[in-house]
Amino acid sequence: MWLGIVIGNVWCTKKVSALTGQTFLLVAPEGHQGPALVCADQAGAGPGDRVLVTRGSGARVAAGESIPVDAAVVGIVDRVEQ
Amino acid sequence: MWLGIVIGNVWCTKKVSALTGQTFLLVAPEGHQGPALVCADQAGAGPGDRVLVTRGSGARVAAGESIPVDAAVVGIVDRVEQ
Amino acid sequence: MWLGIVIGNVWCTKKVSALTGQTFLLVAPEGHQGPALVCADQAGAGPGDRVLVTRGSGARVAAGESIPVDAAVVGIVDRVEQ
Amino acid sequence: MWLGIVIGNVWCTKKVSALTGQTFLLVAPEGHQGPALVCADQAGAGPGDRVLVTRGSGARVAAGESIPVDAAVVGIVDRVEQ
Amino acid sequence: MWLGIVIGNVWCTKKVSALTGQTFLLVAPEGHQGPALVCADQAGAGPGDRVLVTRGSGARVAAGESIPVDAAVVGIVDRVEQ
């Protein structure tokens, strides 16, 4: 999983019906991992939160197997101890 | 998922039969995520649309499990609020 | 999926038995997506052809679920309209 | 799989319930493979350990199919002989 | 799949039990695809061999579905004709 910061929201009116009800967050990865990704929120996160993101098929383990997503916010990070 | 802009169409006459009927869109990712990808359209998108793309096995959740694709347009983006 | 050009063939005598009978093509991705990949041909392609490549588990949707591949040529491109 | 060094721990109080009980390690990949990733520990590793990391759906083969993770520490490396 | 050269071996005494019996090879990808990866050997390869590597869930099609790996050597390359 990677760490990121929620930097915004994304809205799609016209979409695959299975995506109805999902909240899409724009998440910027920490550590220069690339551009912001759109993640289905499964943890009640919002802009400014530092979050844990699962990508790939694991995102559907959190969101539901029939939901065509490939990234999900699965936790809100309290602390990173290095 | 990532955000992209539909920049064209792709046609293949000779192809795996399970791909028959699919519309292939060429989508340029936003934010310098790399070169344009070919995505199976599941949202009725066309050139110029800003779209939401799901990659990997999630593309088949949208397109159908027996369709050998790894990227699908799953929504047309109305608004991104940052 | 991504677009590529078939630039060669790869032969392996010693291999996992489930790979027997597969044709391995060396495909250079367009747009500087990285080095050439080895793809299982499912579309009757050959050197010089411009092709559509599916990666990941989708390659096995085309090649067969029991075939341990992660990239497959699934179509021969006729035209890209940008 | 890739080789990495455990450099820290990550805590999330608010998270998808299926993640309860998992230990999250921050692992820096060797060889400049990118930024540190958060991995679910399946091998009893801790800070300073050199570890073997499995990514993608294979992480759930180790952690459990219903656990929405995409990276897992699956072994502690004793020796690499080059 | 990608082409690589076996450059070493990796040993883990403490590991997920499902990995017992697997041989881990360190494989350097050709063509600057990134750092060396650890692959489960399914083709009887050894240091110096030029090999074909399958990544992701396809590695488990070769190694066994219950083996938490994400990369496997699936063939030894005889010839690449470009």
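Chains: A, B, C, D and E, in written order; residue numbering restarts at 1 for each.
Heads up, the rule we're going with is that a contact is a pair of C-beta atoms (placed from the backbone, for glycine too) under 8 Å apart; a residue touches a chain by one contact, two chains touch by 3 or more.
By chain, with names taken from UniProt: A, B, C, D, E = Ethanolamine utilization polyhedral-body-like protein EutN.
Just so you know, these numbers come straight off a predicted model, no measurement behind them.
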item	value
Fitted rotation between subunit A and its twin subunit E in degrees, CA, nearest 5	145
Averaged-CA centre spacing for the pair subunit C and subunit B, given as whole angstrom	19
Separation of mean Cα positions, subunit C and subunit A [Å, integer]	31
Multi-partner residues of subunit C (each touching 2 or more other chains)	56-57, 59
Order in which chains appear around the ring, subunit A first, subunit B after it	A, B, C, E, D
Of subunit A, residues touching subunit D in the complex	1-3, 29-33, 42-44, 52, 54-59, 61-62, 72, 74-82
Subunit B-touching residues of subunit A, taken from the complex the two chains share	7-16, 18-19, 24, 26, 34-39, 56-57, 59-60, 65-71
